[in-house]
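Shared between the two complexes below is subunit A, which has subunit B as its partner in the first and subunit C in the second.
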Partner chain A sequence: MNKYAVINTHVHNVDGIAKVTGRATYTFDVKLPGMLYGKILRSPHPHAKILNIDASRALKLPGVIGVVTGKDTLGVKQGIWRRYKDLCDEQILPVDKVRYIGEPVAAVAAVTEEIAEQALDLIDVEYEVLPAVFEPLDAIKKDAPEIHEGFERNINVTRHIEWGDVETAFEEADYIREDWFKCGGQAHMCMETRAAVSSYTPEGKLTVYSSTQSPYYMQGLLAGVLGLKEGNIRVISHYVGGGFGGKFELDGAIFCSAVLSMKLFRPVKIVYTREEDFIATKRRTPMYYYVRTGVKKDGTFCAREAKVFTNGGAYTGMGATALYLTGFFHSFPYRWRGYRYDGYRVYTNTLPSTSMRGFGAPQAMFCSEQQIEWIAADLGLDPIEMRRKNGHYPGYEVPGQATIASCGLDQCFDEIQKWIKGKGKLPEGRAIGISACGFMSGGIFNWFDTPYSFSSAVVTINQDGTVELYVGAQEIGQGSNTTMAIICAETLGVKVEDIKVHSGDTDHCPADLGAWGSRQTLMAGNAVKMAAEDAKKQLLEFAQAKMGINIVYDLDIKNRWVHIVARPERGMDYFELVKEALRGKDGQRIVGRGYYTPHRKGMISPAYSYMLQGVEVEIDRETGKIKLIDSLTAHDCGQPINHLGLIGQLEGAFSMAAGYGYLEYMPYEDGKLMNPNLVDYKVIRATEMPEAAVAEIDTYEPEGPYGAKEAGEGLTNPTAAAIGNAIFHALGLQMKECPIRPEMILKALKEKEEKEKEGK
Partner chain B sequence: MSFKCPVCKKEWNASLQVARHMFGTGDKPHKAWVDSQGLSFIDLMIEQATTPGNKSYVTLAEIIEKAQDKL
Partner chain C sequence: MEKKLLRLTVNGQEYEIYINPKTLLVEVIRDYLGFTGTKRGCDTVSCGACTVIINGMSVKSCSVLAMQAEGAKITTVEGLEDKGKLHPIQKAFLDHGAYQCGFCAPGMLMSAKALLDENPNPTTWEIREGIEGNICRCTGYNSIVRAVEAVAKGNYREEHHE
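After this line comes the complex of A and B, so read on.
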């Protein structure tokens, strides 16, 4: 039975009606008086010096109002790393050279989008083409071209993790296995492409409507590159059509529209085409993974060593964090006596790589969880029991990195075992693969060097009892506003329909780091809970006085009924109380404030979710085609808050993760993406989606609001490995590259058959 | 016994940890110190990255141990 009145009940999205009736205003829909339309000229070369840009022909085209290049900017190299300046390496609209195909070179503003597009052909850019390099293992060679000055062998950043005596732990192992893996990139594929409308006025104020995961970050980043005060920039992002880790950095649409608007004193709108979103944003980080694992005969894990090269592309982006997190989550969710990880991020002349849902963990799990499955097979052990034997548990400390307060991994194993057993014997060509993982509930990373709390919330109560909730947490389609409304309603003892959520506006909402790293439910949720508790406390002080009850009694509010906890029938109406309280405060509204910043919670995150996923897969031996039949994810996200939102997150994450596992391939030739469109880039379609069922595991996370932790991003981590493991069980193939494509299966089958023939 | 980083003087209780710190920091002063010892920072790093085990770190840790008296 649900002990809560609102939490974990079926609450429809608070912005659902606006969305399905088409009234929700996305950046794409914004139209301001006198607005111009911008387009961006992009580099056709992967690596070239810019010798000259001549826009005179473009400026003569009727309807063209202005052109900007790097010379119209302050020339600031930007990045989210305000605390680590050497990682800020990207000048949008560079003046010296271009480093990937698609990099912005100039931007045009015109009275129509068509004229702006036409004007791009009239800008003459003189380049000196330089030698280019596209793969990290080539870029570290002695004779490779230098992409950024001062970065020897193109090594951008390195990250290292180690605990225990790794060598001794390997010596204790009875069996050691080593494998090389290759993990591909992936496009974020937001329904809404990158878009911005910037409006700069003579008063020196800039308003930017943008499709972003963090209005606060955008405000700070724009201030840095434009030389404005943060307070003079207003970022508005009321509705955002998806982010997935790709929209919390400054992008070309936001920057170029702002620079054009500041030059022309008119609003400028830039909306990326789907092709631009593919070739000129950022992508999931491609990785080469070397994994060496030592275990005892009984399946006890001893040691693991991993070395990773990531294809960083032309700029750092969020890649440095992805590089650390992939190494950290590669150890998850298991206990290793010795663990060593060396990660190297290498610049190449390709599209920059960055954070994407899972933040390096899907790559880590593709390698880890497949190798573990193969080790179990090599040793003749039950793969689930071997995982269980080595899994995290509540109270476990990942040495020097994290303390695990809540962990339902053990129950996850039970659920998946039951599900597999229930399936019975599968038809020919079908098998089930499993994969375990864990994920963070928000990062304890302050690269941005913010002096603000990580999350803040303000609750004000109107005279009619309705509640205004102001949050900096960003709604990007994941249901954040609904989750915050649920927490607020539960805490205040009112209904969700009493809450009006205000988000996505830096002028009116408190600063908050935004929607990334699965941080909002825990961090913003704690801030909302605290703000609502603050407001409630003020209300109850009036109630205590008005009801004249003994001070030893506690009061509470549930379902709009203010009552004595020990005698719930004694109480008063919430709405009546609000009016009384307002009068008692000399007409001042009740205002509650809340905030959250993690302290003493380790290196990575305040809490971790856990999961085990099973995927039933069918493979056609003739064509190599993979078909997903069914799936179940046993999932520990602590106390679920937004039940329908959780289901949506699980299904969305599964489809994205499955796409990464077997469909979404990004082939490059000489630095050029060969399939930048939705015909050739294969995203999973509705008809290809299997059942994505979830078995919720009941745990309580002490750091989370009402015991909650993350539930949206971690679910992207296990699927690629689970598909790989199903292929292993169906055909005996060990697939070391993802996405696993039909031609790879056919090739592996052929090689296997040839080997078997040789063996005979 | 503790071991100091020869560049920033931070201390750890194992020379291997100092070596790991030097590779992890990888800024100009740390690179320059390694290079001044007759090694190549970048070659050591790439060897560490491309071969199993911990040979590069051990090599650097030995140099760091020898340098402790001069710090």
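After this line comes the complex of A and C, so read on.
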């Protein structure tokens, strides 16, 4: 039975009616009086010096109001790793040279979008084309072109993680296996493309409507590049059409609209076309993975060594974090006596790569979970039992990195074993692949160098008992407004409909790092819980006095009923109490404050989710086509908070993870993306989506609000490997590159048949 | 280019506007008439965010010129509800969490409505085919399929309105 009144009950999304009636106003829909429309001129070259930009012909076109180039900016090199100046490497309108095809070069504002588009053709840019390099393993060569000054061999960032005595641990192994893998990029492909409306006014204040995962980051980054005070910038993001890790860096739409508006003192709107969104935002980081793993005959894991070269593209973005996290989660969810990871992020003349849902872990798991499956087969061991034997458990310490408080991994193995057994014998051409993983509940790192708490919340109770909840946590579709409302309602003892959530506005909401790294349920949730407890305490002080009860009794509020815990029938109405309490406060509203910053929680995250996924796959031997038949994920996210939201997030993560595994391919030729549209770039459609059921594992995470931890991002991690493992079991193929495409399966089948012939 | 007179009915209201004949229907709906519930997510008639119902058929409104809709009766997402009373499909979407960021929802709802109007008892596969032209990046579609199934099953029937 649910011990909570609101938590984990069936609650409609608090933004739901706005979203199903068309009332929700996205940045895409914003229209301000006197607004101009902006368009961005983009580089056709992967690497070139900008010698001269002449906009005089464009400015003569009737309807064109202004043009800006790098010369109209302060030329600040920005990046989200603000603490590390050499990783702030991107001028969004570059002054001296362009480093990838699609990079902004100039921006036009005109009275219509059509005129702005026409004006782009009238801007004359003189380039000196430079030699370019597109793959990390080419870019690290001695004679490769230099993309950024002072970065030897184009190495942008390196990361080293090590624990235990790796060499000795390898010596203890009976069996060592090594493999090379290649993991592809992936487009975030948010349904709402990058969009912004900026309005600068003579007071020296800038308002920016933007489609972002973190209004606070946008405020901070804009202040840095525009030379304004943070407090003079207001970022508004009430409804955001998807983010998935692609919308918490400064992008061309936000920056160029702001620069145009500051020059012209008019509101300027820029909306990316789908093609621009593909070629000129950022993408999941493509990686080359070398993995060497040593195990004992009985399947005990001894040591692992990994070397990774990532295609960083032209700029750092969030890529430095992805480089670290891929190395950390590559060890998950297992215990290694010795573990060593060396990651190299390499600049190339391609679209910059960055964070995307899973944050480096889907790549790590594609390699790790397939190699583990092959090792089990090599040694003749049960792949589930081998995993179980080496898995994390509650109280385990990842040496020097993290302490695992809650962990339901062991029960996950039981659930998936049961599911596989229940399936019986599968038809010809079908097999089940499994894959385990874990994920973080928010990052501990502060590369943004914020002086604020990581999350903050303010709860205000009005005289009629309605509650204003102010959070900096950002709603991007994942349901955070609803989750925060649920936590607030549960804590205060009221109903969700009593809560009005205010988010997505830096003028009115407290600072918060925003929606990334699965941080909000735990971090913002803790802040909301604390704020609601603060407000509730003030109410109960009045109740205690008013009811005149012995001070040894505890009071609580549940379902709007203020009562003695030991004698729940004795109490008073919540609404009555609020009115009384306000009088006692000289008419002031009740205000509660809460905040959260992780302390003493290791290097990575305060808590970790765990899961094991099984995917049933059918492969057509003639065409190489992959069809997903069914799936189950056994999933430990601690205490579920938002029941409907959780189901939706997990199913949605599966669809994106499966897309990464076998559909979503980003082929480049000479630095040019060959499929920048939704005809040629395939995402999963309704007819391709299998059941994505979830078996919830009951655990309690002590650091999370009401025991909650990550959900919705981690499930992006296992699926590509699970599909690969199903192919291994169906056809005996070891697929070392993702997405796994039909032509790759046909080629591997042919090679396998030829090898078998030779063997005979 | 010379502007042309366009007459059409959107959500029960007749409109007469002068437009450039190259204007797409989605631009008329959003920019001229202000029904911004209808979205756009691509330039290649691939994503379905702009789906509306024209004379009973679901159509991607970026795939037709507005002039082709001369005299047509068009319903957008704003036309589903009746003075605050939600349509059964809207209620089912709420109950099943059949949207997340919500950007695809207006188009998805119109595809689902057109499907159910034509085939009130679709199989699960027919529902999947009926919304195949609409991309949802958030939900993985299964909650949408459950919502449409619930409407087809009659779970919202007593509340049905004209």
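Here, the second predicted complex is superposed on the first by the 760 of 760 C-alpha atoms of A that agree within 3 Å, B and C clash if a C-alpha of one lies under 4 Å from a C-alpha of the other, contacts with A are read in each partner's own complex, and residues count from 1 in each chain.
Everything that follows uses one rule, which is that contacts are C-beta pairs under 8 Å (C-beta built on N, C-alpha and C of every residue); 3 or more make two chains touch, one makes a residue touch a chain.
Fair warning: this is a prediction, and the values are worked out from it, not measured in the lab.
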Inset, instruction - Give one of first, second, both or neither to describe whether A:122 is in contact with subunit B, with subunit C, with both, or with none. - result: neither
Inset, instruction - Name the contact category of A:342: first (subunit B only), second (subunit C only), both, or neither. - result: first
Inset, instruction - Go through the superposed model and pick first if A:166 touches only subunit B, second if only subunit C, both, or neither. - result: first
Legend entry - Per-residue touch tally on subunit A - higher for subunit B or for subunit C: C
Inset, instruction - Look at A:236 in the shared chain and tell me whether it touches subunit B only, subunit C only, both, or neither; answer first, second, both or neither. - result: neither
Inset, instruction - Using the superposition on chain A described above, determine whether A:733 touches subunit B (first), subunit C (second), both, or neither. - result: neither
Inset, instruction - In the overlay, answer first, second, both or neither for which of subunit B and subunit C A:647 touches. - result: second
Inset, instruction - Would you sort A:305 into first (subunit B), second (subunit C), both or neither based on which partner it touches? - result: first
Inset, instruction - Answer with first, second, both or neither: which of subunit B and subunit C does A:88 touch in the superposed model? - result: neither
Legend entry - Shared subunit A surface residues [contacts with subunit B and with subunit C]: none
Inset, instruction - Would you tell me which residues of subunit A are touching subunit B in their complex? - result: 86, 140, 152-153, 155, 157-160, 162, 166-167, 178, 290, 292, 305, 307, 309, 340, 342, 344
Inset, instruction - Under the touch definition given earlier, write down the residues of subunit A that touch subunit C in their complex. - result: 12-13, 15-26, 28-29, 189-193, 239-244, 273-275, 476-479, 644-645, 647-649, 651-656, 677-679, 683-687, 689, 691-692
Legend entry - subunit A partner contacts - residues on subunit C that touch it in the complex: 30, 35-44, 46-47, 49, 76-78, 80-81, 86, 90, 93-97, 99-106, 109, 125, 127-129, 131-132, 134-145
Inset, instruction - Name, in rising order, each residue of subunit B that touches subunit A in their complex. - result: 20, 23-24, 26-27, 31, 41-42, 45-46, 48-50, 52-54
